[in-house]
Amino acid sequence: MVEWHVHDSLTVEAIPVLTAEDFRMAVANAVDQGARLVAFFAAPTVGGATRLYAILAWDGRSCLQALATDPGFGYPSLTPICPQAHWFEREIFEVHGITPHNHPWLKPIRFHDRQDGGERPAPCVTEYFTVHGSEVHEVAVGPVHAGIIEPGHFRFQCLGETVLHLEISLGYQHRGIEAQLPGGPDRRTIHFMETAAGDTTMGHTWAHCAALEAIAGVRPSPRAQAIRAIALELERLANHTGDLGALALDMGFLPTSSFCGRLRGDFLNMTALVCGNRFGRGLVRPGGVVWDIEPERAQELLRRVRTTVRDVRGAVRLFLESSMARNRLENTGALAVEHAVRLGLVGPAARACGVVRDDRWSYPQPDVPLPAGTPATGEGGDLLARAMVRAQEIETSAALVERLLQELPHGPLLLPMPKLPPQRMAVSLIEAWRGEVCHVVATDGEGRFAWYKVVDPSFHNWFGLTMVLRGTEISDFPLCNKSFNLSYCGHDL
Amino acid sequence: MTASTLSLACWAIILGDLILLGAGRMRHLLLLTAAQGLLLGLVTVGVSPGIEGYIVAGAVATLKGGIFPWLLWRTMRQVGTSEIVEPFMGLGTSILVGLGGLGLALWIDARLLLPIAAPPLLMPAALTTVLAGLVLIVLRHKALTQVIGYLTMENGIFLLGTPLAGHDAMWIELLILLDLLVAVFVMGIAIHHIRRTFDSIDVDRFCSLRD
Amino acid sequence: MVWWVLGSLTAGAVVSAMAGRSRLGAILGPAVLVAACAVGLGLTLSNAPEGWTIPLPVGAGALRLDALTRWFLLPLFAGGAVVGCYGVGYLHHAVGHRHLGGHWGMVLLLFLGMSLVFLADDGFVFLLGWEMMSISPFFLVAWEDTEASVREAAWEYLVAAHLGGAALVVGFALAAVPGGWSFAAMRTALPGSPLATAALLLWMLGCGAKAGLLPAHVWLPEAHPAAPSHISALMSGLMVNTGIYGLLRGLELAGLPGAGAGAALLLIGLATALYGALQAMVQTNAKRILAFSTVENMGLIVLGIGTGLLGLAHGQEVTAWLGFLAALMHLFHHSLFKSLLFLGVGVVLETTGTVHLNELGGLAQRLPWTSRCMAVGVATGAGIPPFCGLIGEVLLFAALATGVGFPDATARALMAGGFVGLALVSGLILAGGVRLFGILMGGAPRSAKAQTAKEPSWSMRGPAAILAASCWLAAIAAPLVLGLALPAAGVLLGTAPDLTPVVRMVAQIAQVALVVTAVLVVLFLARRALPGHADARSFRTWDCGFAAPTPRMQYTAFGFAHPLWRAIGRITGSQVMVRLGHGYFPAHGEVVVSTADPIRGVWSRLFEAVRLGCDALKWFQHGRIQLYVCTLAAVLLGLLLWQLGW
Amino acid sequence: MLVLSWILALVLAPLLFGIINRIKALMAGRRGRPLLQTYFDLAKLVRKGVVVSPTTSWVFRLGPMLAVAGPLVALALLPYAGRPGLWSFPMDFVVLAYVLALPRLGTMLAALDTGSSFEGMGASREAAFGALAEPGFLAALLAAAPQSGLRLEEIAAAQDLFHSGGALVCLALLLLLLVENARMPVDDPNTHLELTMIHEVMVLDHSGPELAAITFGAALKLWVFAALLAALALPLERMAPLPAFGAHLVGTFGVAAVVGMVESLTARLPLPRVPAFILSGTACGLVVLLMEVGGGR
């Protein structure tokens, strides 16, 4: 088993290829001992065969491990002994047709055309897990939603108000990004990355650049890294504020929802002040950043961050201390910590359950200071905990941004990127606002992308949402969904 | 102090009891307890006017409307217990039981022959308060809620005693003494309960409850 | 005329039974029924002389036609004619291969029995009628005797009817002790006699079992649904009335006892109504829902009687009149809409073969007539204007509301409690009615059976339409109907106080009903003038953009009741068992909902105990004739000694 | 006067939604939509065509008519400005409750007729909460009724906000107004989340003039409740006719303003807690009734 650090690269051949059975046991053992399966995918070998790669992350030791196996047409499924692999295995099955034997729920995770070339089925028509009984009814929500959100289909098995089971069918946002990346990097690549998940531009772009920089052995200047960190935290601030506002809106708590709606815009405008784009597009490029923060702009940003965070604090306090809002939040949509660990949840959703898991601390980027304190965690994993974690993260992010703005290091903005070396591979992990973004890149014999794997935090967390809903109220679903606030396009890619 | 103000205060006490039974959060319970203490003072003034009445009322209002709730509030904060009141049955059931209690109180009031004429709504208010306290003690999980239940019940007993107090000044002092006795007693029992409920928590912190 | 009615019913019963499977048997019975009912209606509404005697082997039996009897005969004969017509259509497929003659013979016997019960002026005739009425439904319920559940329901009915009948026999025997068997004698001798209370208790037991009062209601939701639908309509719409009649007559004979009986009836009525309404909310078989609705409505009627008695006991005449008038009016309205609903469900059963709500749906499209009639029935039951159900319920509310001003505190509390309870019941009825109609008729068919439903022949649609129209007419003509009810209540209460406010109130409610109708007509016409009336496009609607809805995506019968069941419905004893596999990826999931009536369980345990007790007595069944004779002699000796008064 | 009040109700009822929304907007620091937006919506809807789902039948088309007919007739029962309504008879408050059940029946049946799980969800909730709210409404009015009279007119005359039980009765009616008219904290009229709705989700499939009818019916129903509450809260019968008329109008809008304030400051209740909320409204009325029965008043 090969082990390396997140900023390093390695050769693809360094990854040991085990037999399917050994591979399965090795991954399961590592996960049992505290590793996380951050990526599990199939990729072509030089010979043209398909090989399975598992990337394991050891948060405590800040190191990564990788394993591989050659499955042929099928292999024994990991899911029964390692539920984290569940979604990955279904994806592998869907994209490559490699069957994980004994997988309990083997079906595509994305809605797609029929493989046998038959007539295209109607959206969301597939086999869902059915709870039998004459009194059970199904509720089919989506793919079109009444709000301005992305498409996705939710199939509830209900008895009256109680949800017995929820199954989620996605794929309406599938753009084939991963399939278009091999052969790169080219001029489109960075734009694919900036729009992989529209609200996580900074997370994905940084992860992409970090992976390329690791392969090329380029180390961006501290100033560029600081500007990246500022933009990432601003993205976090904007989205967390927006999420809290949306949570308030969904329970009809108007004061906070209207305040947070405006304040989210203020944070986005701060990003725009840095790079001219409210979502931070065009700011980060391999080798550094494109736009600088001059001292006067830093002062302006500092002023804005301080006032906005003060307002956010007020609005959120109003929300979290209102007993009516707390009544709605407490004990709703709870997820036990052992489920969060076993399912490999990431981001605020995992931290709200009490899992200490934040890549900013575990896998810090070079020259980026650690945020103050420890990762924010909650208890019980209910709506309140997820809201509280966000409120705390707003504080830590604001403090970090202030600190960085006050003492911006010096250095060139953008270093030139050399041509990528051949046959190298790198993994980057960035704690975006929604959770861990993981990019796995490998180059071919000419230094172009041989394959490229993107794992959005939503990919880990969608199944957590279905677990939260089992046995709860169907009327709680919108709030639970909002409290996870997962990405559809980030999942579908 | 007119009779109508007194009856309004009694109305408020009865309503307070019902809201107490329907309250889902500790801080509401404490606020209600405090309000009830203040109302108790008001009623005391109404029933036994004169300087003694004012003194007793002041003592009652400070003790029951201020000190006790504040102590409990502090304890709650220190223990860091969750804000949610944990009822055995739904809060709706508790309200229904409270309504039944009010009915019972009115029924008893119609049949009770008191030695002295009490203001019209006083007895029902007192009995309802006692019953509400009982419900809080019986139908709630948390030790702190039970303490509030004891307090409420004791408020009711105090109310029962007020018309007697108007007659004879001696009664007042006796009542206050009894009151304090009951309060300390109640706290003692309650702390015992708390100790059992929160085994892991530092028991010393409960010293703040002692009077 | 009375002889024509009774004679034709008797003769028809005999001839029809002999006609057997022939075509004559299928026609003769209903024809006689309709004819007899028509004559009976004439008798009821005419100024016929009031008393007759019939020669019986044991002496002369007396018949009497007073206003109370007229009031009960009215729905009996009106409903009988309608149900007779319907039955012809309902049973048409059985002509030739089932013993239809026997079936109709039993129906005629049932009508004869009910007529005798209402007309009786002495205990013998009453009991004679009661027995006829009790036995014949056994054969009627057991029509589908190939099904075990039907046979069981029929037996259960028989046991309940006989236990109730036995209570009545003993009750009349006790009541006859002071003065004799004739009602006139009881009226003078019974009030104040120590036996009156005992007799009344037994009457309440016997009649309560017939009317389906808690806790003796358990047979009713089994037997009524098991019968063919026109018989269900007969039993639930008309036969239960005999229980109320017996109760009222018994109260009259015992001299309208005071506060205790009033309070007891009020509480029993309220409990029955609440329990019935809640059960009707959670059951999933349409006929059982209707049967529990009958239980609930009988509860309301008894609530009215109890209120009236309480009013009387406390010297509040207006309350007393309001209570009894409410009971009588509601009884009439209930006969109309419950028969209507059973006829409607009968159509559903006939055309789809099932009455389970979760197998139905989409019938409003397929059965436009029947669904409209059912809608009227549901709205009437829920007291929605412009239908007649409103009148009885408002009278009941009025009786209870006036009671809140009583001088006596306990009575005030009872009345106020009754008022609030009644309000809850009325809310529940609306919810239950919406559920019944909405799940049954609305949406898409939930099974293939419902897919092909078709309207039946006019002989089945017509009677339902007539009843639906009567539900509206009875509201518009409510002052007239009240005019008939007043003398009926007068039989119980004597001379009336000034009831002009009550009469005016009913007239005003009738006006409200009329105006609601008018407003609806105007709106209907206005709608035609607006766009989108005739040119509405039929297309898949919003549904969250989901393109392939299935019938499984509709609310189920229990699912619809789920929020209410969670809040207050758990006392119905229905339970939800969820079996979902463990772990993140369950392999199988299933939900079973049981809606068994817990009170039935109590009874069956009781009967089990009795059976064990009887087993213990088996030593006595040794077959030695000497001992039997000895026992008989001992009993006779004992009776002799008792009669001689020691 | 009576006719005038009736016409005013028809004309001004949609304004109530405008007032509520304007208050909510002000409290949230927004400008909000125009005060007359509901009128614009109605005018637009009336001119639009209709799309119906193929599963629906006559029931679906009847529902909106019932939704308007009920409140229209209920208006005639309302006492206005201290004077009796078109009808005034003993127990007219019970008839009022039954007439107001007409729109509930209509919308629920139409909802179930669509065969959609969303509409069924709304109907199921409405059925439960409507049934539970019924005793509260009637108990509050009975408690408010003086011993001598059981008409709405006398009930309104006997109560005012500053009278012993009057405030409590008004509170009970306010809480039940929130329940019956699908307002916060029971239902959120502004949400887009079908799974949490009650009233709005039942009328998802209606379009064109039928949706207009339902919206107008809802506005009228709110008017009936608000006007009734104002009649109970204000001592109108002691005023001269014209001032009473004005006061009643202002009072009705005042109720809408209060509803707007409540909506601005509350969060939705979890649905399983709604029955307890209804019970607390009911309890307010029951306390007064108990006092009356117990002779404590």
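Which chain is which? They are A, B, C and D, in the order written, and residues in each are numbered from 1.
To be clear about the criterion, a residue touches a chain if its C-beta (ideal position, glycine included) is under 8 Å from a C-beta of that chain, and two chains touch if they have at least 3 such contacts.
All values derive from a computational prediction rather than experimental measurement.
The interface holding more C-beta pairs in contact, when A-B is weighed against C-D, is C-D.
The chain with its Cα centroid farthest from the Cα centroid of subunit C is A. Subunit B and subunit C, compared by their mean Cα positions, are separated by 51 Å. Centre-to-centre separation of subunit C and subunit D, using mean CA positions: 35 Å.
Work out the mean CA point of subunit A and of subunit C, and you get 64 Å between them.
Multi-chain contact residues of subunit C (touching two or more other chains) are listed as 409, 413, 543-544, 549, 553-555, 559-563, 566-567.
Multi-chain contact residues, meaning those touching two or more other chains, occur in subunit B at positions 92, 103, 107, 110. Counting partner chains per residue, subunit D shows two or more touched chains at residues 117-118, 120-121, 124-125, 194, 271-272, 275, 286, 290, 293-295.
Interface residues of subunit A facing subunit C in the complex, by the touch rule stated above, are 79, 83, 86, 104-105, 122-125, 129-146, 151, 153, 157-162, 164-165, 342-343, 463, 467, 470.
Listed in rising order, the residues of subunit B touching subunit C in the complex are 92, 103, 107, 110. Across the interface of their complex, subunit D is touched by residues 137-141, 146-147, 158, 160-161, 248, 250-255, 257-259, 322, 324-325, 327-328, 332, 473-478 of subunit A. Only residues 164, 168, 275-276, 279-280, 283, 286-287, 290-291, 293-296 of subunit D touch subunit B when the two sit together in their complex.
On the subunit C side of its complex with subunit A, the touching residues are 284, 356, 358-359, 543-550, 552-563, 565-566, 576, 578, 580, 584-593.
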